[in-house]
Amino acid sequence: MQEILNRILEDCRRYTLEGEVASYIPELGKGNREAIGIYAATDEGDFFAGDWDEPFTIQSIAKPIFLMLAVRDNGIDVVKQHVGVEATGKPFNAIDYAEPLLLREHINPMVNIGAIAVCGLVKAADNRERFARLLDFTRRITGNPDLEVDQEVYDSEKKTGNKNRALGYLLKNSGMIYGSVEDLLDVYFAMCSLKVNCRDLARIGLLLAAHGTDRETGEQIIPREEAVFINAVLMTSGMYDGSGEFATTVGIPAKSGVGGGIMADCPGRMGIGIFSPALDKKGNSVAGIKMLERLSREMQLSIF
Amino acid sequence: MQEILNRILEDCRRYTLEGEVASYIPELGKGNREAIGIYAATDEGDFFAGDWDEPFTIQSIAKPIFLMLAVRDNGIDVVKQHVGVEATGKPFNAIDYAEPLLLREHINPMVNIGAIAVCGLVKAADNRERFARLLDFTRRITGNPDLEVDQEVYDSEKKTGNKNRALGYLLKNSGMIYGSVEDLLDVYFAMCSLKVNCRDLARIGLLLAAHGTDRETGEQIIPREEAVFINAVLMTSGMYDGSGEFATTVGIPAKSGVGGGIMADCPGRMGIGIFSPALDKKGNSVAGIKMLERLSREMQLSIF
Amino acid sequence: MQEILNRILEDCRRYTLEGEVASYIPELGKGNREAIGIYAATDEGDFFAGDWDEPFTIQSIAKPIFLMLAVRDNGIDVVKQHVGVEATGKPFNAIDYAEPLLLREHINPMVNIGAIAVCGLVKAADNRERFARLLDFTRRITGNPDLEVDQEVYDSEKKTGNKNRALGYLLKNSGMIYGSVEDLLDVYFAMCSLKVNCRDLARIGLLLAAHGTDRETGEQIIPREEAVFINAVLMTSGMYDGSGEFATTVGIPAKSGVGGGIMADCPGRMGIGIFSPALDKKGNSVAGIKMLERLSREMQLSIF
Amino acid sequence: MQEILNRILEDCRRYTLEGEVASYIPELGKGNREAIGIYAATDEGDFFAGDWDEPFTIQSIAKPIFLMLAVRDNGIDVVKQHVGVEATGKPFNAIDYAEPLLLREHINPMVNIGAIAVCGLVKAADNRERFARLLDFTRRITGNPDLEVDQEVYDSEKKTGNKNRALGYLLKNSGMIYGSVEDLLDVYFAMCSLKVNCRDLARIGLLLAAHGTDRETGEQIIPREEAVFINAVLMTSGMYDGSGEFATTVGIPAKSGVGGGIMADCPGRMGIGIFSPALDKKGNSVAGIKMLERLSREMQLSIF
């Protein structure tokens, strides 16, 4: 398998020349577009190639983490009363006098507005504790106690995050956020600014692939049915509006982030972490998707 | 004419039983749904009937005031570079990663998002001065130096105005607001909370009907071409998504507010102020529209 | 006034170089883009300049004719039960299992789907008679008994009109068309292919300007209230999604067609016919709008 | 397993009281709402319960058949050049002058417009041959040489299918249909009117579950990669806009039809056919989904 990863990575290196590094947050634009890394965590051990240990910010890959902890705290049914799981390119249709309330079914937890709502479902006395619990949980599922926020990216997100503020106030207006919007967004921005590498993402993937069981300790960190739920949500909406295409060409649950990372898992087999910062127009790593397509084909990873 | 107003008001009194008093802002819900008043200001003098002197908050009828002063400060062309004038039920289509910027042409100054943007175009060193200039201008065009903010409605607007905050941050995200969103919204909320009566609205209408000339002094308060511009915008989008219907049944420029007021003007003939707080589903005063339909038919006010 | 028309036409001739001649129907693409003409019909006589007598196809300017005759046959109220009059860039939102019926309020008579529906409201035993009545009515309101269909454009419309067929079957699906869709579209295509010149359009405008009274005979061809209704609809939606802008810069009721024509009227003053085939992105004649802006400014035609 | 099917069917029988039998096609409304059947085809043999042999029309479950044969004829890549695979509640956004062409990515093969387009990709000299090939292919993958069209439903579909005609002409307008729209729709209507039972659907499911290999003969009827492609498309969009929810609660590829049928497959394990005609608001069989949820939970069918 090591040989496969090496070969795939070299074959796909040329795709780092395509796409664009995200720049809507100024700090993100500083990413090294030549970086490319892959890491596979399996029951038989770990395999990796390229810049697997280069740090980048987790960005939208925090979304399944919000969902995991919110489901842990409230159960699947309660979470579903707040957000829907249908794929949708349009989080909502109109904001006007005639339609004062957001519809639950339009708020998918894998797009920003749904992720902010789900973040608010994580139980805590205040937003400081909410962040502490989320950071602690992320450290646990990655097995990496050193995970930290990238302070510069966080500052940049906070400074320029006016669209997320808009979404937060829409949620507030519909009674979907309790307490301060600004404080909840601080948690959201901080979590999106977590510095991770391919191994960290592969470990999250492995936990989902193993249906919630920790490889090292055998401990059931999240119940099987919750891991299955997360995988199903990732399959239908984890790759933005490229999710349908990704299902046909790769065929495993995955989540991408505009930092260039992709977290994927093949249930029963392995977790995968990918990094390459240049993105296609849908916001997914170009070289990352190419590597996953190759890996899926060579190892028949598709669950279909 | 006095006789006509009396008769129309009595005939339309039964419509005060239809529709609903706005309650999305708690303070608004306290409005007396039986109130009904009308006031016509003409070159030959003023005529009025019913509860013309009962105070209510101006609400969306502040929108043409923002537009008048923004046009005074910047000129029509510069304002049009910021907002469009097409009627649209949808202020924008989607808020997602793929569409980071609002399109100018979707921001009509007679819907909230456009009015907030236009409010920000009023020139001022800070938002305190911006409000002072707007209040001063409104007192001048109504000829009423005693106009004041209804403090309870203002507090209520500010407390519950999360959708407007969402719109404000969308504008900020698109570079359409400079400075603090919250401070600009304070100006917006305060202006929407101005306590007016039918006479105040009729005086604004008369100024537009007279193409900017003050009836008493003969002074040109706003240039003719700017008054014509405001009238045209009111015709195509002043009555929310009931503007097309209103053009066919009444046929004069008008603006309604959820406080139950309607300001209308018949160019060259008169300004009209209306009050009746129960609204139809589009947010327009039920009895108010009925009175205007009757008045237009009896006096052939339609400009078509 | 003759001098004004001459000067405006020469000043605006350079705008014939901008925009594009419509080519979605192959026959339309053959139009001479250098042509430019204007014709004003007033109570004091007719004035004209340039290529006012060059023939072109009426295209969407047939829409107010459908509406006039449908209103004659059924009354304003019945017609309003079938189509709405709100401006809308979106004739409908979605075609799917969940939304089997079109909403009346989304079907404006000045966009294709509404015009097809309104065409079907013209009373007739069959579609052959329907066309005969429409042609006869058009000859009458233009005062031109020689009006004929351009057979080549008609064939071209019929051959390539699959989007209009789609709209027709949508209407049929919602019970808004009785009888054969294909036969009704034949009427629609034939009416859109009528060969007219600027004088014909100016005469229609003059009839609307005179609130339905024929200048020559004094006969009331359509009742005043119906002429007022048509003018109001033209004001809010006659110039596609450029109607709001047109209201602010020209300020009179008008209807454009992709053949390059514009029919406009200034109530109480005059009817205007315009021709110049190169269109802007909204489908309106570039030089035509420029001439109307100039004419409105010089003669203060705006009704606001 | 037989015992499980019996128990689940009886437990879910009460759900036949919920929902509504489709009636937009009059013939469909005659369905017996008390009917309920299930059939599982596995490598170890077949298991079934209830009204598994009651015939009903296949309706939208013809969509994956169109896709299978179109992919056989053209390859996955060519089919993808014509239709997209993203889930979407909105097959397209607007039909107007400014947007003359449909966007490929909005045409999903599991909604009507995409299925009509894909039907037209099946290779044939004419539409008579196209239908013959589709019928032959369906008989082959169901192993049922007696499959026939329900003539009354076909007549009913053809008579009332104006929305599908609208979609057909939209496709024609965008160059996505060659030849006669009406003739192609005849093929589409006839295929939707095929009379099947639960066993027929289960056999199609088994073929997909076995990645294209025929259980009896071992023959590779469709290549593995094409079966995987179909399964992936079913997962993200087979259950209309309930696909995301279905992925989380059942977790296997499936396609429903408004006749009350559901075809599902658990890759590597079994094909499933379901019948119960009362539908939820999204057009899926109420009792059918309940049975699949129960079956998935008891037998851990979810592929996540």
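Observations on the structure shown:
A, B, C and D label the chains in the order they appear, each numbered from 1.
As a working rule, a contact is a pair of C-beta atoms (placed from the backbone, for glycine too) under 8 Å apart; a residue touches a chain by one contact, two chains touch by 3 or more.
Since we're looking at a predicted model, the values are computed, not measured.
By the document's definition of touch, chain A and chain D have no common neighbour. Chain D has its Cα centroid 45 Å from the Cα centroid of chain C.
Inter-chain spacing, taken between the CA centroids of chain B and chain D, is 53 Å. Centre-to-centre separation of chain B and chain C, using mean CA positions: 32 Å. Those residues of chain A in touch with two or more other chains are numbered 89-90, 241. The chain pairs satisfying the stated touch condition come to A-B, A-D, B-C, C-D.
Across the complex, chain B is touched by residues 24, 89-98, 100, 111-113, 162-163, 165-170, 172-173, 181, 240-241, 258, 281-283 of chain A. Residues 76, 84-90, 108, 227-229, 231-233, 235-237, 241-245, 247-248, 251, 253, 267, 302-304 of chain A touch chain D in their complex.
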